[in-house]
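There are two complexes below, and they share subunit A, which is joined by subunit B in the first and by subunit C in the second.
After this line comes the complex of A and B, so read on.
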């Protein structure tokens, strides 16, 4: 460093260095959808084989996969994403960031696996200035003082007018060797993960409700149990009475991903959540006529010795899930990569803690639909009396106590040639009641934001949730200001 | 009792030992749907069951589990880790329902002359009113002798309401000739008379001019053990299989098929067909493969 600016603490540690890109808060990732890996079950039964237990066991409950997205300007450097769990404690859900992927040059998507619970976590995203969108890097109005650093290329690397990532604690964790040390033989096997590794950290007494963590999930585990029932005997069937021998082999498995939960103010737990689970079974039967007793008896004895429990996987799994993945939006597969083992479980990984209150709690208003952002009249019959808005903001139903937030066009827009109108209400208070201006539309189109009352509404036209052909549905994020 | 075999044992991540174990239960056996002590292959009793063609089965259960125990590995740790699996296997292996197919509710649907329907149930699954009707009219009946029972239906030839019970093979009466050649033995309960007669199904390939051409005859009936005071006309039944479309056309029957199998029967009286019967099976049942 020939020139530049460094800030150090009293121990000489560098806090700010103008040569390095510092991460600043860019918003809450927008929730897109929740999916689950479908039940992976398949099998057949023969005339005499046991026909029960054809589904998953009662504990093979796949976790929810919540998908979130946020805009940026590059697909080569991902934002850092912190998970703010819905709640903490011994009964809290485990959740983990299992996938970070750029789905376009300007949008990153994050998948969070959560093992139970209706409320989903919030994601707090941080990025470098050179990867922020123009909206994200626009200096908040009225903030005119602070420190800004630039690197030798003239790129901004730190700006106190924004909200830099503040780390309140960090630690290192590993995942348990297995989700369970054993899964007992049963036709309703218990797969509920119980093994955890505790990670202690010190935040100076910050409440768990104000802690979020960064801990990507890199470990996984797969565990299984096999069962087999078999029988032989004589079947009365009139003229065609016969001897028979049958066998049915079953395989249950779960594929776990490493997930975490805030146990208390000083402890994070690293454990597993079920990502995918399956049960396949296969029956075979051999029978022979009553008139060949000697041959059949011999066959029955040898048939029992050729039970195929150990080869079931290769027989049945391949066909287990051909039709299971219909519209889950997930990569199809059986998710049975190995048996009773784990990968990356012993690998140390850092955990970083921060406080969501530094950045504003998510309001719970998570997405909107915008019909025809070009401002053209909706396609409804103007004389039908039916009102179809151009803009609709939906309240996030998973985050309670956020009131209502509604944006739509005034009825006048139904008439050809009438200017589009926008009405925004929050908790019954009208925040905006104006003609939809070119400025507003430009902000939408140019991926900017609009301040409405005490809220900044970020609108990301790159994140198209749905394109119905006549309407485009875009994601937004709302942050108190 | 559960037998255990260690299939593999290996170090796991340097701190534990992973053991793959096979657990095998003892046999659980049934004779004519009743649990019995273990039947040992090759014994005289087992040979007797086979010689008499008595329905029976031997069943067993196996599991392969993987457990991880702390190093150093000891057998005590292994047994402790397997305790739950052993308990579970013993429990499951002692439950007969774990080796039986889901109960088939209707073992046969028979339709006489295209309109009179008769359903046959397993005794334990039969509707209460069916059992009640039988027991009210035949209170001396030992239900354990019956494997199946039918709904009561009107028989136009006998001019009686008849219920049909299938006897377990071990309960076949001794007073019939060539007993070992009779695979099916029905007891016909005539409700109004409160008397029954027995109907043997004798395997045969002989044809009859009244059976549609090209069909394969499988059985003809012989009525026997007619209780005193019960008056029956002379009649014989033939049971056969063949092309369903052709048989329906020849006999003037409506379209009626079972998903699994369809078979046919005719009742001949005074050298005329007086009843025409379609037997339909939607799945494998105790009767579906009997012809």
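After this line comes the complex of A and C, so read on.
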């Protein structure tokens, strides 16, 4: 620089340079809603074909997509967004910034995919002064001292009266080439992502609860598995008796996006979370007469070979997906762009770390639902220690940040019947941290509220939204007594 | 500290001191979908380039991100596919 102002540290690294538009904290992105891509399932069964496994595999569990928004004055320069995960550790969810888009000339929307936990992360947003809204760039009242730098165009580039982006560490990540090395064929195939890349970083001992990272997700992977069954027999129907033969073909797939979790104070893990998943199947049957059965069986021989192509080409899952997406605000499609491969997985992506405590922790209510540890060896199973949510909570998207939540009392997926563990926090204070006993569940149903410490938890079973036999929803309000 | 500088916010919290280390955003720019692009980026002793997909990954495309090379003041973004490369937002940090 020929003129201006530079501050350097003792190593000669630049801290402040009036030539550069330093990014300053502009606030937490506002949570808007949470959605999931609906199950992409479609198929048919014939009279005699195999009729089982018509839904998704039990491991095809799409992650939650949390949507956030924040304002700025540019539709071509998004704010820089750091993710502060809801928690860290071997059981922590993987999450990643999978979408950044301008939804108007002044509002940016960010989507974070999280594989489990329902305790959404916080987004810390930074922008340059010339892209801030007037509210964001207004100097706090009564603060008249400090240093302000300007560039040669007269634009403000740094102001000590605001909180600058302060990076404490960086590293470089890549995504695994696949979410799983292989998926065994079965009628309940396992899609749970297990491959991770470990990325070490050094912050000098900062606790994981005070670390946030910037690492937009750029990699994705799509994996699939196929199945086939066939059979034949004789259908007795008097003078109308006949031989029959049938075949059914199935295709399951998952579309994954690259996500991350803070494993400990020195390690970030890069893996995948399921973004979309589907299962299509098709059955065909020939019930020709006894005189033609030889022809039928011959036809089946070729029929089975061509059925996968027939299935993918002829099943109109696109139409089903489009209608299913109507309320989800997602682009329709089958999310099956390629087969058993990935894109951008080998691309190096730097990870930038900072500390949320520099900017103020977001307050509010948070729920954590955890079940039990799977007990596998963590050195071979990166999901060992994963807490399986079988008591999950959704924040009411219509009333954000009010402490009103909907609770889904679904049975456990992997450990049905196992007593769940529940943690309820309000503004960082733990209200409850124990096993969800039958007594508690009885009280939830029979009482209008439960006092936990200095807080009263209101239960509203009278506004059950759904009772399909697999999910029971209640509203929960937590207020100080 | 015996020498150097420190900056504090209005609450008296330390922002930077000359014993801190940080990375500064020195460039941010958008490479349009399915197109190559060239940018001019300031030179600093150490730089890292991050990429961010802009806009939705649609249901059926392959969604490649731009590859890049950075040499001197030139950041070259290359679209791997002329039809399936998403808009890529480049942020370059330097120190």
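To be clear about the criterion, the second predicted complex is superposed on the first by the 331 of 481 C-alpha atoms of A that agree within 3 Å, B and C clash if a C-alpha of one lies under 4 Å from a C-alpha of the other, contacts with A are read in each partner's own complex, and residues count from 1 in each chain.
Rule of thumb we're sticking to: contacts are C-beta pairs under 8 Å (C-beta built on N, C-alpha and C of every residue); 3 or more make two chains touch, one makes a residue touch a chain.
What you see is a predicted model; the values in this text were computed from it and never measured.
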Subunit C versus subunit B, contacts on subunit A by residue: C
Which of subunit B and subunit C A:47 touches, first, second, both or neither: first
Partner chain in contact with A:5 - subunit B first, subunit C second, else both or neither: neither
Partner chain(s) touched by A:234 [first = subunit B, second = subunit C, both, neither]: first
Which of subunit B and subunit C A:148 touches, first, second, both or neither: neither
First (subunit B), second (subunit C), both or neither touched by A:225: first
Subunit B versus subunit C as contact partner of A:343, first or second or both or neither: second
Which superposed partner A:178 touches (first subunit B, second subunit C, both, neither): first
Partner chain(s) touched by A:22 [first = subunit B, second = subunit C, both, neither]: second
Intersection of the subunit A residues that touch subunit B with those that touch subunit C: none
List of subunit C residues in touch with subunit A within their complex: 4-5, 7-10, 13, 15-26, 28, 30, 42, 44-46, 48-65, 67, 89, 91, 93-95
Subunit B residues within the subunit A interface of the complex: 12-13, 15-16, 18, 20, 23, 30, 41, 49-50, 53-69, 81-82, 84-85, 87-89, 92, 97-102, 169, 183-184, 201, 203, 218-219, 284, 286-291
Subunit C contact footprint on subunit A (complex, rising order): 7-17, 19-23, 76-78, 80, 97-101, 128, 140, 142-143, 145-147, 160-168, 170, 172, 214-218, 220, 257, 276, 321, 330-338, 343-344, 347, 349-350, 352, 358
In the complex with subunit B, residue positions of subunit A that touch it: 45, 47-52, 177-178, 181-187, 223-241, 290, 293, 297, 301, 304, 307, 309-310, 339-341, 345-346
